[in-house]
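Labels for the chains are A, B, C and D, by order of writing; each one numbers its residues from 1.
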Amino acid sequence: MENLLWLIPALPFLGAILLVLFGGRLPKSLLSLIGVGSVGVSALVTILLGFEFLAERPLYYQQEVWQWFSVAGFTPSVAFHVDALSMVFIFVITFVGFLIHLYATAYMADEADFARFFACMNLFVGSMLVLVLADNLLLLYLGWEGVGLCSYLLIGFWYKEPANGYAARKAFIITRIGDTAMAIGLFLLFQLFGTLNIQTILSDAPQVWPVGAEGALLVALLLLGGAVGKSGQLPLQTWLPDAMAGPTPVSALIHAATMVTAGVYLIARMNVVFELAPLAQLLVAVVGAATLLIAGFSALTQYDLKRVLAYSTISQIGYMFLALGVGAWSAGIFHFMIHAFFKALLFLCAGAIILALHHEQDMRHMGGLRKSMPVVFWTFLIGAGSLAALPLITAGFYSKDQILWYALAGENGNVWLYAAGLAGAFVTSIYTFRMVFLTFYGPAKTHVSHPPGKLITIPLILLAILSLVGGFIELPHNFGHLVLFSELLQPVLPAIEASASLAANEWLFQLLAAVVSLGGVFVAYLFYIKSPYLLHRLMHNGLAVRLQQFWFAGWGFDALYDNLFVRPYVFLANLNKRDIIDSFYTGLARTAEGFHVMLSQSQNGVLRSYVMGIVVGAIMILTISLFL
Amino acid sequence: MELTFYIAAAVAILSTIMVITRYNMIHALLYLVVSFMAVAVVFFTLGAPFMAALEIIIYAGAIVVLIIFVIMMLNMIQEDVQREKEWLKPSVWVGPALLSAVLLAELAYILLGANPSQTEALVAVDAKLVGLALFGPYLLGVQLCGILLMAGIVGAYHLGRQKKKVIHRFLQERSAAA
Amino acid sequence: MILLWMIVLLMAGGVLAWLAKRWHPVLPRWIALFAILTDLILACYLWLGTPTAVTGSSPWLVRLEIPWVPQWGVNFILALDGLSLLMLLLTFFLGALAVLISWREISTKSGFFYFNLLWVLAGITGVFLTMDLFLFYFFWEVMLIPMYFLIGVWGHANRNYAAYKFFLFTQASGLLMLLAILGLYFIHGSQTGIYTFNYFELLETTLDPLAARLLMFGFLAAFLVKLPVVPFHSWLPDAHSEAPTAGSIILAGLLLKTGAYGLLRFVLPLFPGAALEFAPWAMLLGVVGIIYGAILAFSQTDLKRLVAYTSVSHMGFVILGVFAFNEWALQGVVMQMIAHGLSTGALFVIAGFLYERLHTRDIQQMGGFWSKAPKMGVIALIFVMASLGLPGLGNFIAEFLTLVGSWQANNWLTVFATIGLVLATVYSLRIMQKVFYEPAPTDRPLPDLNARELLITLPMVVLILWLGLYPQPILDTARPSINQQLEAYQEPEVEEKKVVVAEVPEVELGIEKMSE
Amino acid sequence: MSTASMEAALLLAGILFMLGLISVLIRRNIIFMLISVEIMLNAAGLAFIVAGTRWVQPDGQIMFIFILTMAAAEVSVGLALILQIYHQLKTLNSDAANIMKG
């Protein structure tokens, strides 16, 4: 089985190549078979591999496909390495990816550019698989950039709209900024370790660096730069809300299974380096905490259904960063998995709604869908409950509670991080249920014309089930104490110990989290169902309105970057369009031309002036020879 | 002899000045003849009688006559004299005259500043000697002179022909081709 | 002798193509294609027949030496090592493409066109092969004059200006190189009593620092202008944008590479001391070039001009790598030469296709071509991505190796060079955006690529992917000659290698142990 | 005759030459310019003769003969040219003959 490891990323690539080569000539049914089938088989291989992995419990499987190149001791290979961490990731990527593909065949059925869409989707999944399976950082970087490219192609899928192209470019360029930091980190790592093999670096790092070493800090910060770019964290988060320009399955793929979780993976993968640089790790936690708050508040104010979800993704990834930052590695990965389920679910539901309402994305024009789209309603409600971490029944509760607990009680945790997480949880449940109430309750405002078919509802139901039961594999120790997930990750990621003084009162904090979550739901209910006049009154308050606008614009980051970087760059570039250096050479040519004009005037055809020239010359020569 | 030389020199200079300041070409040419004759006298005083004879025959004779013929062919009239007058304004001639004066001054400086050569009696170089040299070591030069004169004649004949058309020959060819 | 035949074949083919125009109008292009393909086959034969390099053995594969003007010490020396072999392969490959791309584009004076094309290629081949400095200068000039005609006769509207500019820049800088060559010749002669232009003997010349510096600047002048490095780059956008497509391909793909080749072949081994002194400045120039070229490329509206400025940016990596003096960087430089030749060449090809269809190079008048010409879109996408250094394509290997190498030499400059990659993304995406995205400004039909055009572009796609995914054959071929060029710099190199070597076996052992 | 007058003779040659030169410079009439050239040639010949006399050699006189020959040829060709110019341009003004100016 482990010899088939290479098939997992190769199949989607193969699918993409087939679709590019023959996309124009095949019927749609065959195209979707290739597109979905390649990812499906890949998911099948992954699951079989996963079973074997769970049965055998090896440290890892490794397979070298070929040696990429070898220059003076720099010998990266195209080699795949799968351990528990990668296992979780490839499972999520292929399985959720497969469901999204399946859904997309229905969602994109009327699209003319069917082949291009599935080629890009397959490429996307393939790149992401390479990213998480790579055994060296250079191959990881290949997947990393490949993901960026695919996001560009898919966000700009409806390319005729200039705004979509803009969003696509923004996504690519901003993530590329992070990638550049990461590339510099790779140079540094190579200089220090003489290799980019991940396992070698991880095992050598403690010998090379003491805890808190400057080199480790630098490397960790540079890698964090890359992670922040891909995962849409502060300060490079601005591309993610705009990335909604793509078709909805793309958003689901970007937000749930691929791309944005790459940063989480990178930090978790390089955990040794981050442990050696406590300062960088703290920064990870702080970035996560700040991002989850900022994005949460922005989500509160959005009207576009997909934008709410986009901000919620940023916010949830912030939770993962927070978890990684406080050293609760497995909690972060656990939340990643659960998040992948419910976020994919939410996006696919949103897609079904948008499709049903003629590409209407504004929640103000929705409402009353509870009756007309019951399956979507119930699955969406499950997803929303998981996102809002409704206690006990949803998977999101177990994963988020774990993060909050370690943010306070973990070795690196402190009260501030906990407070931020808790506040974030409150905001999360408010905006989540605001979304639910606006969309499904109240009077119907747009007619449902396109009820979702089987291909759409089956993935929804599967994901909804996962969003409910997914949490039960890891239960708090005072409540069932099931640690299947963290045990699985044990060999890869360091465990975390909760501080003993707080452990006794853990139930208190769990209760607090549950109350906060339910409180959020209640607030949303109060404002949007029970007494909407409260909201009206609030909207007449000047401060609230200004705050609302500020949050709506994503805390002004876009405008800031626009004024700080984009405009000056474009201005400078346009200023120098004619190339100032060229004017030097042009000036040289002009001078020569000037001399030419001057001298050619002396050639006037008047014989006497020529003779005069001879005379003057003779005088000069004579004078020089006589007197000098 | 010395006195003869100086008088002849003075005549030569004066008549040359007259040549270059005349408006009427015929007048100028007459002064030119005088100038050539004066130079011929100088030649004689320098002990080159044969050359003096040649000077008179060829310069004062042949060449000047040739020029006169051409002037006659060109039908010079009073208007042309008038135009000469207009052309020859002080503003035109002061500059060149000054420059030439500078050149002359430098020449004089060289001549007078050089070491005075030892005094020697003048020995005439007669025609016989010249002839011997001319048809001895300079034979080739003489031949070349002959060719040159030949070329001059042919050239003068070719150029002096009156053509019917007075357009450029390229144009002519083109019109012929068309 | 095979080396001589390569050059002779091209030159004779050129003359024949010119003459053949009288007999039949399509004969010249067939003759040209045949001549170049024969050369390509010869070069491939040489490559495949190359024994795997053994460390320590001479890097020279084939050598030919015929006395030419013995009185002056001028010999007809042609020699081939891995580096020249790679360059020759690139030359003939792009040469064949240039013929194919001109198949329909060139209709006036086609005989003379192919004559010039083949002679440019002959000059380039000579430059890559000759190891006699006199002959090197000769071929350097042979390369120049037909190129002048290619631009000046078959170019676009502003061709005369561009052709003059190209000629003046390269000629003036070439003369400085001639001076330096003569200087080296006389210094060597006065030291040893043997007056010779033989490269191998001149390598032994000992120079005092001042002379070395002056001579190096003479050589640098020619190579930096040709490369081009930023203050001397301004001929390039004009020449590239005004030249016919085939001319642009040869300019970008090959002529620029002669500058890089010259740096590797002559500047590094001839003047090690002076080069070490100059290295920080050269690397700075490289970084300035990377960023400046990228910014300028971003603001252009003429597609070919835009691509031309990307060349300036990419060639910055070359000089950055050359003056880092280590194997990673130099391998990166060689890869960059090849990958850039392909990727930029392909972008010019696409610009040529668009010009053929639309009769404009202005990207403001393009847009939305993806739906009209999807094949062209995919191919353009691949090369745009190559140009921004997407992993998996040849340029990434080149740029990554170069930067890894230059990082060892200078951290900060490498950081700025890496930032250049972001700017590369900005301008590259602008190409895609303006040409293939956005609503179409006109309804004019745009035929997709036809069979001949696919025949041109698909091999380039395959090659750029091959370079990105399995570049080892190229790296292996280049390695012996790169080590040869680096011989003078080995002192600092040894230490670094020790560190690496000490680590490597450990790593490999670790892997084997674990996976069992 | 003493050497002092040798120098005087050379000076005379110089003065004549200068006068010819001035005339070339100031006259616009081509015929006058031709005449001036004759004066200059004559002056040059005079210088040769002085030199020949000074060294008691026939060479100076021979050079004078050559100059004479050349002058004759030159005048004949020159006059033919003047005739042509006059026929083409209807003037003797040398400044008018500037078709070939740069």
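One rule holds for everything that comes next: a contact is a pair of C-beta atoms (placed from the backbone, for glycine too) under 8 Å apart; a residue touches a chain by one contact, two chains touch by 3 or more.
Each chain and its UniProt protein: A = NADH-quinone oxidoreductase subunit L; B = NADH-quinone oxidoreductase subunit J; C = NADH-quinone oxidoreductase subunit M; D = NADH-quinone oxidoreductase subunit K.
None of the values given here were measured: they were computed from a predicted structure.
Asks: Could you name the chain whose CA centroid falls nearest to the centroid of all protein CA atoms?
Replies: Given all protein C-alpha atoms shown, the central chain works out to be C.
Asks: From the C-alpha centres, identify the chain that is farthest from chain D.
Replies: Farthest by centroid: A.
Asks: Just how far, in Å, is the C-alpha centre of chain D from the one of chain A?
Replies: So the centre of chain A lies 96 Å away from the centre of chain D.
Asks: In whole angstrom, what separates the CA-based centres of chain B and chain C?
Replies: Computed value for the inter-centroid distance: 69 Å.
Asks: CA centre of chain C versus CA centre of chain D: separation in Å?
Replies: Distance between chain centres, rounded to whole Å: 65 Å.
Asks: What's the distance between the Cα centroids of chain B and chain D, rounded to whole Å?
Replies: 4
Asks: I need the residues of chain D touching at least two other chains; which ones are they?
Replies: Each of 21, 25-26, 28 in chain D touches at least two other chains.
Asks: Quick one: which residues in chain B touch 2 or more of the other chains?
Replies: 96, 99-100, 103
Asks: When you check chain A against every other chain, which residues touch at least two of them?
Replies: In chain A, the residues touching two or more other chains are 612, 615.
Asks: Could you run through all the chain pairs that touch each other?
Replies: Contact pairs between chains: A-B, A-C, A-D, B-D.
Asks: Quick check: in the complex, which residue numbers of chain A touch chain B?
Replies: 612, 615-616, 618-619, 622-623, 626
Asks: Considering only the defined contacts, which chain B positions touch chain A in the complex?
Replies: Residues in contact with chain A: 96, 99-100, 102-103, 106, 109-110.
Asks: Mind listing the chain C positions that touch chain A in their complex?
Replies: Interface residues on chain C, with respect to chain A: 165, 230-231, 233-234, 237, 295-296, 298-300, 326-328, 331, 368, 370-371, 374, 378, 381, 385, 390-392, 396-397, 400-401, 403-404, 407-408, 414-415, 418-419, 421-422, 425-426, 429, 433, 436-440, 469-472, 475, 497, 499-504, 506-507, 510-511, 514-515.
Asks: Touching chain B in the complex: which residues of chain D?
Replies: My answer: residues 1-12, 14-16, 18-23, 25-29, 31-32, 34-36, 38-39, 42, 46, 49-50, 52-54, 56-62, 64-66, 68-77, 79-84, 86-88, 92-93.
Asks: Under the stated contact criterion, what part of chain B meets chain D in this complex?
Replies: Touch residues, chain B against chain D: 1-2, 5-6, 9, 12-13, 16-17, 19-20, 25, 28-29, 32, 35-36, 39, 42-43, 45-48, 50-51, 54-55, 58-59, 62-63, 66-67, 70-71, 73-74, 80, 84, 87-88, 92-93, 96-97, 99-101, 103-104, 107-108, 111-112, 116-120, 122-123, 125, 129-130, 132-134, 138, 141, 145, 148-149, 151-153, 155-160, 162, 166.
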